[in-house]
Amino acid sequence: MTVSLVRSAAGDADVLFAARVSTAGEASLEELSKDPEKSTGLINYLMRDRHGTPFEHNSMTFLIQAPIFVFREFHRHRAGWSYNEESGRYRELQPVFYTPAPDRKLVQHGRPGKYEFSEGTEAQHQQTVEAMETAYRKCYEAYQEMLAAGIAREVARAVLPVGLFSSMYATCNARSLMHFLSLRTKKENAKVPSFPQREIEMVAEQMEAQWAALMPLTHAAFEKHGRVAP
Amino acid sequence: MTVSLVRSAAGDADVLFAARVSTAGEASLEELSKDPEKSTGLINYLMRDRHGTPFEHNSMTFLIQAPIFVFREFHRHRAGWSYNEESGRYRELQPVFYTPAPDRKLVQHGRPGKYEFSEGTEAQHQQTVEAMETAYRKCYEAYQEMLAAGIAREVARAVLPVGLFSSMYATCNARSLMHFLSLRTKKENAKVPSFPQREIEMVAEQMEAQWAALMPLTHAAFEKHGRVAP
Amino acid sequence: MTVSLVRSAAGDADVLFAARVSTAGEASLEELSKDPEKSTGLINYLMRDRHGTPFEHNSMTFLIQAPIFVFREFHRHRAGWSYNEESGRYRELQPVFYTPAPDRKLVQHGRPGKYEFSEGTEAQHQQTVEAMETAYRKCYEAYQEMLAAGIAREVARAVLPVGLFSSMYATCNARSLMHFLSLRTKKENAKVPSFPQREIEMVAEQMEAQWAALMPLTHAAFEKHGRVAP
Amino acid sequence: MTVSLVRSAAGDADVLFAARVSTAGEASLEELSKDPEKSTGLINYLMRDRHGTPFEHNSMTFLIQAPIFVFREFHRHRAGWSYNEESGRYRELQPVFYTPAPDRKLVQHGRPGKYEFSEGTEAQHQQTVEAMETAYRKCYEAYQEMLAAGIAREVARAVLPVGLFSSMYATCNARSLMHFLSLRTKKENAKVPSFPQREIEMVAEQMEAQWAALMPLTHAAFEKHGRVAP
């Protein structure tokens, strides 16, 4: 799973000018030079009391490569997100598939909505990887055979598993990203518990790290106030 | 592919009261009894000049069963759409898979974005169905084996192809539905050409028929003005 | 300020079928007959852990009459809301204006973002009402004079104060309504403090009462879990 | 009316990489160096056939000063727009009001939804300006008196006319901006007729000019294909 920030215009200052227009009107841009401590305070106040709109005046585009089952969950995020993805109708898809790394916990316990996971045995891991690789290979062969027989790509792709990697650009702002992170990461300090699938969490963690570098004060406030999107 | 309208509150009158508040304010509900010809005229005017908001004050929920590759396209519609789908994390998925019917055109021509399709030969159709069924069976066996070995459903499902059927509820309003239909159906009288994949079009056609029964004047205006969402 | 529910298709059962599709797939409608206690439990679980989408498959339309300054705040709610409002371009606006009732607290203390209010004196209340009525009358006279002189309504209305009443239809679902209520009401049991202007809160309270009658289990869960929109 | 572009990350190249991910997947960034003629062709194709999403991966923030009646129309644009505005609750508003310039056509003809305007006489213009200035002054005096008497700003502002100037930041992307422009400007070459109020059109024209400088190919394609948002 890879995540690259390919374009952005996002900084803590973008939150500040937007927030200060409430009280300073047309002079809000000049207010930006105010002392940094006050700025930290303002961002924390906005986050804590859930004034969300000042966090929307910024933009980040990520190029993400992940399996289809990750994108299936990803695309359910509607507000403040834009997507363009590789097309199985326009393009012959390449045989790059997901198999769990050795540290992926494979065994689930508990009830829907709050699964806990534990390590599988080495045998379980090996069996999983083998079962996946065999199935992936069979499917991709069937795909290739249909293409060779002149069948349209959009039809032939029906046999490709959701473990297939795809590529997409996803554009968001700090507010929509925080909403995504609050649901797609699992952290001790989160006020609201989330139980994301590990694979989308791996994408989310990379996005969070890159966002935190752009907007450190906003990220710190998000952490401090329990990882709830304002 | 099946589509059932499971709940709705949607009628042409819902467009009329919303539109008439512009000119009649608080008396807009009483205006509803105005003569039907005027109502048809008003709906046509709104559609033609693209006054979209009066078409939003209504609601329809469809229960849809279709392959994952259809839902993948479906979920890209964000504004005015709500979704809840069967979960491969919470539930063991059932082995119901898509194969093209004999009348599905299998061979594509032309460039990306504007493919045309022609009938395949009988041999091509047979080969497609066989290739799919074999691949589906192999994958589902691998899925079952992993589950039997104690692997979590969310991991094991990676091998399931996008031809697997899923179920979802999708809620929309007339405006968001028209936008969907303008992109996901291909019609002679459409002002803007669309080249949807046939399988999502099959879903769209069923939705359109059920919507047209609820809002016949609105549907007629949509047809008359080139199937462009207002 | 008046609020009438003019159309709706909204019930607790709409939350249940949507939530149960995750685990029951195509059988989710049959699951609706499950015992009521389980249903209450499910709705509470969804609310507490912030699974928001099942609360979107329902629809309510309110006809609201309130001053422009209330609608100005109202229209900032974007996701899950549809609006149609009386038009000052299409219609001569009627002279109905807002003045505070005797119980409206008139004096504010504290800092932006968390004002507290206290009663004004009787003299303050009287002065306010008189100042408003005089200003409103002058403005409406100027409006009438311009109209009489042949000036376009859209130009003449520039002099009309934001205390003027307007009418609109607003359509939402339970999720977008809860988000609105969490910001536009001030309650002891709210987990996140809000400081709405009293006038929009008066609208919100009427909407909440009408919604609670339609979806009592959902409303109770909203109350129980701190009035945070899921 | 003033419009300043205060931050942006928007260029024609942002459309190209997003569009090319469909066919080039993970190699879409490298494709950017393709010859310019092909790029123009691609943007025109996307615009004509209404492939909208590639136009969303960019961002522009405008600081806008305009009368409240302009912002009232502006805030009805929901998808792809973020707003933060000066607050009449947090701040004492300044007495800057709108009066029409001599070239503002003051007299309307025709039916709702398609007004045409003609010049007023000099006397009409003079009367309008005088009526407005008198009303504005009276209202602002009432506002000041109430504030002096200790009445809360949020209450006192009820007397302020919608001709009062306010300030806001508005953030959008090329797609949401084109949708706005298609409705809020009136042009000969527009495929769908629009009848915006002149004052919001003045804002729209300034926004369009600043956007066109950032994304000239996209703007040219918008013009060429009838000013319909894709």
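For clarity, chains are labelled A, B, C and D in written order, and residue numbers in each chain start from 1.
FYI, a residue touches a chain if its C-beta (ideal position, glycine included) is under 8 Å from a C-beta of that chain, and two chains touch if they have at least 3 such contacts.
No experiment lies behind these values; they were computed from the predicted model shown.
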Of B-D and B-C, pair with higher C-beta contact tally: B-C
Fraction-based call for chain D against chain A, same above half, different below: same
Chain B-chain D separation of Cα centroids, rounded to whole Å: 33
Of all residues in chain C, the ones touching two or more other chains: 22-23, 53, 76, 78-79, 83, 87, 90-91, 112-113
Footprint of chain A on chain B - complex, ascending: 67-69, 71-72, 75-76, 78-79, 81, 83, 87-91, 97-100, 104, 106-108, 112-113, 115, 117, 120, 124, 127-128, 131-132, 134-136, 138-139, 142, 145-146, 149-163, 197
In the complex, chain A residues that touch chain C: 22-23, 45, 49-51, 53, 76, 78-79, 112-114, 183, 192-194
Of chain A, residues touching chain D in the complex: 6-9, 14, 17-19, 21-26, 28-29, 53-54, 56-59, 61, 63, 65, 82-87, 90-91, 94, 166-169, 171, 173
